[in-house]
């Protein structure tokens, strides 16, 4: 009963990790997952409005529910191309 | 043809892969690493991606381009990793009977890639390095 | 770089000739010989030109594109003579810092070439041949 | 005291020539040159409104004067690219 959480680019630098797992218990939506990491890495708060969120490779918003087995990705605005 | 690669991209093999005898126009875009950005000299770049999602989004953009514009096919190849000045980070090739829709589809695709595909560029200067966040 | 040639055009050498380290975007157009036109099968094409005027007009269009759009350079190479299906009759390569002006300049250039450069295409079908008059 | 006249594409077919010279005498403008060839090749008349005219590689109109030494080109609408 867990979710995988991925960070990329500056957010991987901020959290010092690219990937981690969370026990699903206690996490209801993307915001609850994000808040969990803001608690550990306060400067993540700066990204609350600019960060992008995806579940299983589709964009979602902070109020999207998370489910067991989901891959949740948190990343800054993109700059590819 | 939608690919993420880690080696230099060559445009002619991409053209050869997608061109068909009924095509009359190819419109192509190459994004290349510039030697300057934000008034600083750039030494080189690194591109990182959320690869599975990036490829999925690139495929979605290509499919949307084929739906929205009267083109026959589109190829999008994005390179990841370390790139020197002048090297190519992305190639888009659009093939169609006529040029108008090919121009429109190519423009749409690169604009949308820069907005939604989870790939990030890190610029390395003489005095440091910066993750670029957000499209230009 | 403005040329009329009689041999196959390769795009990469043109890119290599005009690209500079300050360029971030290349927008390119290739016109290629289609296997059909006006609901007929095309076997091959021949292009004829009023060569001195054609080159002059191509140079004028390239200069105008550099004046009207924020691009660094543009190359236009048009092939003349016999061309098989799938072969390239024209290549335009526009190099600039940013993609917007490069798309606009490339589009402007091919549209204007098709309007004013004295080059004519003759289509050869199974049952005859026709001079094409006027741009599409 | 002559002008050179060039025909291209279907107009070279119509006139059966790609290039010829005319004595300048009697030719005042492009129209007078064009009319000279319409007289010899009546089907050229069909091109009066669609043909393009150039003097020394610049587009001109039927009422543009011609001068000794000019290279006058007469050709159909272009189809390059």
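Lettered A, B, C and D in written order, each chain numbered from 1.
One rule holds in what follows: contacts are C-beta pairs under 8 Å (C-beta built on N, C-alpha and C of every residue); 3 or more make two chains touch, one makes a residue touch a chain.
The model shown is predicted, which means the values in this text are computed figures rather than measured ones.
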- Can you give the whole-Å distance between the Cα centres of chain B and chain D? 48
- Message: On a C-alpha centroid basis, what's the spacing between chain A and chain B, in Å?
- Response: 26
- So how far apart, in whole Å, are chain B and chain C when each is placed at the average of its C-alpha atoms? 23
- Which positions in chain A touch two or more other chains at once? none
- Item | Shared-contact residues (touching 2 or more other chains) in chain B | 31, 110
- Query: If each chain is a dot and touching chains are joined, what shape do you get: line, ring, star, complete or other?
  - Reply: line
- Query: Who touches whom among the chains?
  - Reply: A-B, B-C, C-D
- Complex contacts: residues of chain B adjacent to chain C: 10-12, 15, 19, 21-36, 85-86, 97-99, 103, 106-107, 110, 136
- Task: Would you tell me which residues of chain B are touching chain A in their complex?
- Result: 31, 47-50, 52-54, 56-57, 78, 89-90, 110, 113-122, 131-135
- Query: Taking the complex as given, what residues does chain D use to touch chain C?
  - Reply: 6, 8-10, 13, 50, 52, 54, 57, 59, 73, 75-81
